[in-house]
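Two complexes, one shared chain (subunit A), two partners (subunit B, subunit C).
Right, the complex of A and B next:
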């Protein structure tokens, strides 16, 4: 099902070179940074205990996402992931919106990563006596360097991610062991946990940033067209990724909640690095500095990969100008899409505050998860289980879809509590973009080309 | 039945450029408007404390005090962080408007998608 792009009359396709390890690295690599920064804003919105409850609720939400996504992606194995699914199952304008959700979720996450990396370099520079060090050059440099790496090739990019992600994950485990979780020598949960400062409303509000623990795991299916064995690698990479993140999230919460007052934790830019500072161990500080740098770089790297694939797919399908649908003749990467999104990431990383950038990313992800709950029900209705061959069939349908929709609805309310204006602005943007697509852009779309799977006619059509 | 084939018009370079710029402007307006208008972020209130210049006055116990100090903070620098609280009071009308916008958006999306999906299926599989 590999699709191609014509360059100078020659058909060029994306390379099928990735295995399950790369898929794990792509998913966890994007998301692991959520343990290094951002999740702790959930503590600010509801207190440390509320953030833990939000972590579990978000874990349940993402388990539903992974179950649903594994079934649909292992059946619709094409570049663009959820975008390709929407084309086949719902329709072009939904696919266009899903493509935009993916691009914004990942581009804003990339910007958040660059902000964190810049802040960390500035903090450590100041601690080392370089008071004049500025974060902005590091922000721009990070984005430009990783865009260049993505421009050069997917295999090198994701192999680079595999190494960075593994080191960042090991750093969390080492910190967890070093704080001696079996004793109260360093961890002081009894003195630092102060209940629920906002009551149950704070628990609900925490769900907003609780998503940050896992946001982006669904990115595993963006590389469907570049995986050697999608039916095996995609579910395996996604499920092991979720397990990895659940473990990392719980360890991260336990370390940070036992080391720092919730008020500080709720606004920290680099909580795990701060946790290492509180152990007063120089080697741990160095390790968590490296871990934070690597996790932000791995995440930004994966984000550029995923956002550009989604943008590329939309260009190739004429949802966007076809100019974006080009593959580099030598590197075999969607080079124009990669380059086009660089200034968007730079502008937001440079000018917008971290919590706002994260909120934009979370909102885009949340819209995507809402779509997934409808998508899987439509998928099962249009093609019942015995009608087409699926790589994986998720159990208990439609319970995961209903639970997912319910948790998404609660999270919309959580975002409304404190960030309602951004929520409405984003919805208005997507509504205007949908009208623009339906009444203008859709006329450039080749109808029949939107359905490329070898499936029977959908029921009801 | 024979498939009806739709041949889309070829878009000019200027048209492609215009579409790209339009989308880019739309993105920046949607994402930066709340920031520029000062409407982004949660409303905050300040927690009343006994004394902002001492750890005890800020309601911090001995362990909390020690951790703040290890992070390089003093009661004066930590006071703003400790007393800051989100304001979760909200207007029911604003909640209803938000609900209508979110639900309306999805209804619009599924309505348009259904119309377009019929075109796709008819061209791919032929008219029923």
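Right, the complex of A and C next:
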């Protein structure tokens, strides 16, 4: 197999080796863990039906995200994804903020995954009869091993993700078939769906964790400089990814809501594994336990990939020290960015509570989605369809952007209901970071160098 | 010492080895190449004409 990359004398670049399958694995791999655990806290907030509404609501939100992202990223195909888009379309302060959203969202999610994997190993140890078992060694091992894999090369890293993600997705399909959705032998939706226990306020509150079904699908565009055909592969990988997740989310809800009462499901740690246990099938239990572990590992792996690319891109543009913008000459990976983020993830995974880590990840993602809604409107206004060629043109513009903005606003309110302090703290942090960037850091940026697209002058300028 | 305790020590050990491996490789790489070369990647250059990447430069045959 031969791979291609750009080698220009004494210059070096990331390695262009990925195909659409890797992009699918990157997007779905980051997210699929949300089907194995996390989404069900939406059930706890408002009941099983509220979680279904949240599933559809978040599905609509992320379909808008995927469509918008596919169009913009098929044109701004650069590592850093939404950060590079914001730099070219909105401006430097927005780009700096978006870069931070990305790094926070993915590093926090990586930490959450490592905590979960450590917990799973600890649970197995306890169930096997061992006393005084600890999760910390396995939390650290997860982060360091996956960072090492990322350090060694992107092709092996995302091929590994493809295998893990495919197995985890197939496990959900097998479980769906095993519970016989065509019969009432195992599934008892008629008895278990008891309406909305907390009314419409419960529905609103459940929107917060509804995001967990899809959070991270937009990470596909971080691979833009490592994919062989960005204009084709990125939209294809992203759109097939969101379709996969919509199917997986619906199957997951249907299985779990038909097997467990909402009072239990709303606080279960591993709902899909619990569903397998209720079938009393040993092979299914093993399969879903493997699926849980694999989806968690795939998510952490993809998060390391994406966070390091965003950090690397900001370093390359001097938004951060240029030291971070280095590429490894042999492995062709952003090795310093990968290394730098290892202790950051370890500290959060070691010391921060899981729900706080997850909330910071969701909030960072939500801020990013809000930016995407007006980013695409500015993109279409400054560069109309006939001015630059797009690999994909999303339909019904500007309706997806407006819908996305409305859904994000509702979700902010939902987050505020449960985690108002964290929301305010995060907004203050980003405001202070913006001031630091504007008054201190931006003077180091070479303003002409950061705009690399050979686009015509924007309309109105 | 229980088998699980040994597993915990193995996990710490592998983490330490992999962490050290990356750190030493990073230091060696930083010393072996100029800073200008390591940070020479430019956004947008991926659109340029491509060449086959020799295996010793990170390609896969």
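Keep this in mind: the second predicted complex is superposed on the first by the 450 of 461 C-alpha atoms of A that agree within 3 Å, B and C clash if a C-alpha of one lies under 4 Å from a C-alpha of the other, contacts with A are read in each partner's own complex, and residues count from 1 in each chain.
Convention: a residue touches a chain if its C-beta (ideal position, glycine included) is under 8 Å from a C-beta of that chain, and two chains touch if they have at least 3 such contacts.
Since this is a predicted model, take the numbers as computed values, not measurements.
> Thinking of the overlay built on chain A, is A:155 touched by subunit B (first), by subunit C (second), by both, or by neither?
A:155 contacts subunit C only, not subunit B.
> For A:313, is the partner it touches subunit B (first), subunit C (second), both, or none of the two (neither)?
second
> Between subunit B (first) and subunit C (second), which, if any, makes contact with A:144: first, second, both or neither?
second
> Mind telling me which of the two, subunit B or subunit C, contacts the most residues of subunit A?
The partner with more contacted residues on subunit A is B.
> Name the contact category of A:259: first (subunit B only), second (subunit C only), both, or neither.
First partner only.
> Determine, under the contact definition given at the top, whether A:339 touches first (subunit B), second (subunit C), both, or neither.
Once the two structures are laid over each other on A, A:339 reaches subunit C alone.
> Could you look at A:322 and tell me whether it touches subunit B, subunit C, both or neither (first, second, both, neither)?
After superposition on chain A, A:322 lies in contact with both partners, subunit B and subunit C.
> On subunit A, which stretch or stretches are contacted by subunit B in one complex as well as by subunit C in the other?
322-323, 450
> What does subunit C use to touch subunit A in their complex?
Where subunit C meets subunit A, its residues are 2-5, 7-9, 11-12, 14-15, 18-19, 21-23, 25-26, 29, 32-33, 35-46, 48-53, 56-61.
> Which part of subunit B faces subunit A closely enough to touch in the complex?
Within the complex, subunit B contacts subunit A at residues 3, 5-9, 11, 15-17, 19-20, 22-24, 26-35, 37, 39-43, 60-64, 67-68, 70-71, 73, 78, 81-82, 84-86, 88, 90, 94-95, 97-98, 101-102, 104-106, 108-110, 112-125, 128.
> For a test of understanding, state which residues of subunit A touch subunit B in their complex under the given definition.
Residues 44-45, 90-94, 97, 104, 188, 191-192, 197-198, 201-202, 205, 259-261, 263-264, 267, 274, 277-278, 280, 318, 320-324, 340, 344, 347-348, 351-353, 355-356, 360, 370, 374, 412, 416-436, 438, 441-448, 450-451, 457-458, 461.
> For the complex, give me every residue of subunit A touching subunit C.
Per the touch definition, subunit A meets subunit C at residues 1-8, 10-17, 77-80, 84, 125, 128, 130-134, 137-138, 140-141, 144-145, 147-148, 151, 153, 155, 225, 230, 313, 316-317, 322-323, 325-332, 335-336, 338-339, 342, 450, 452-454.
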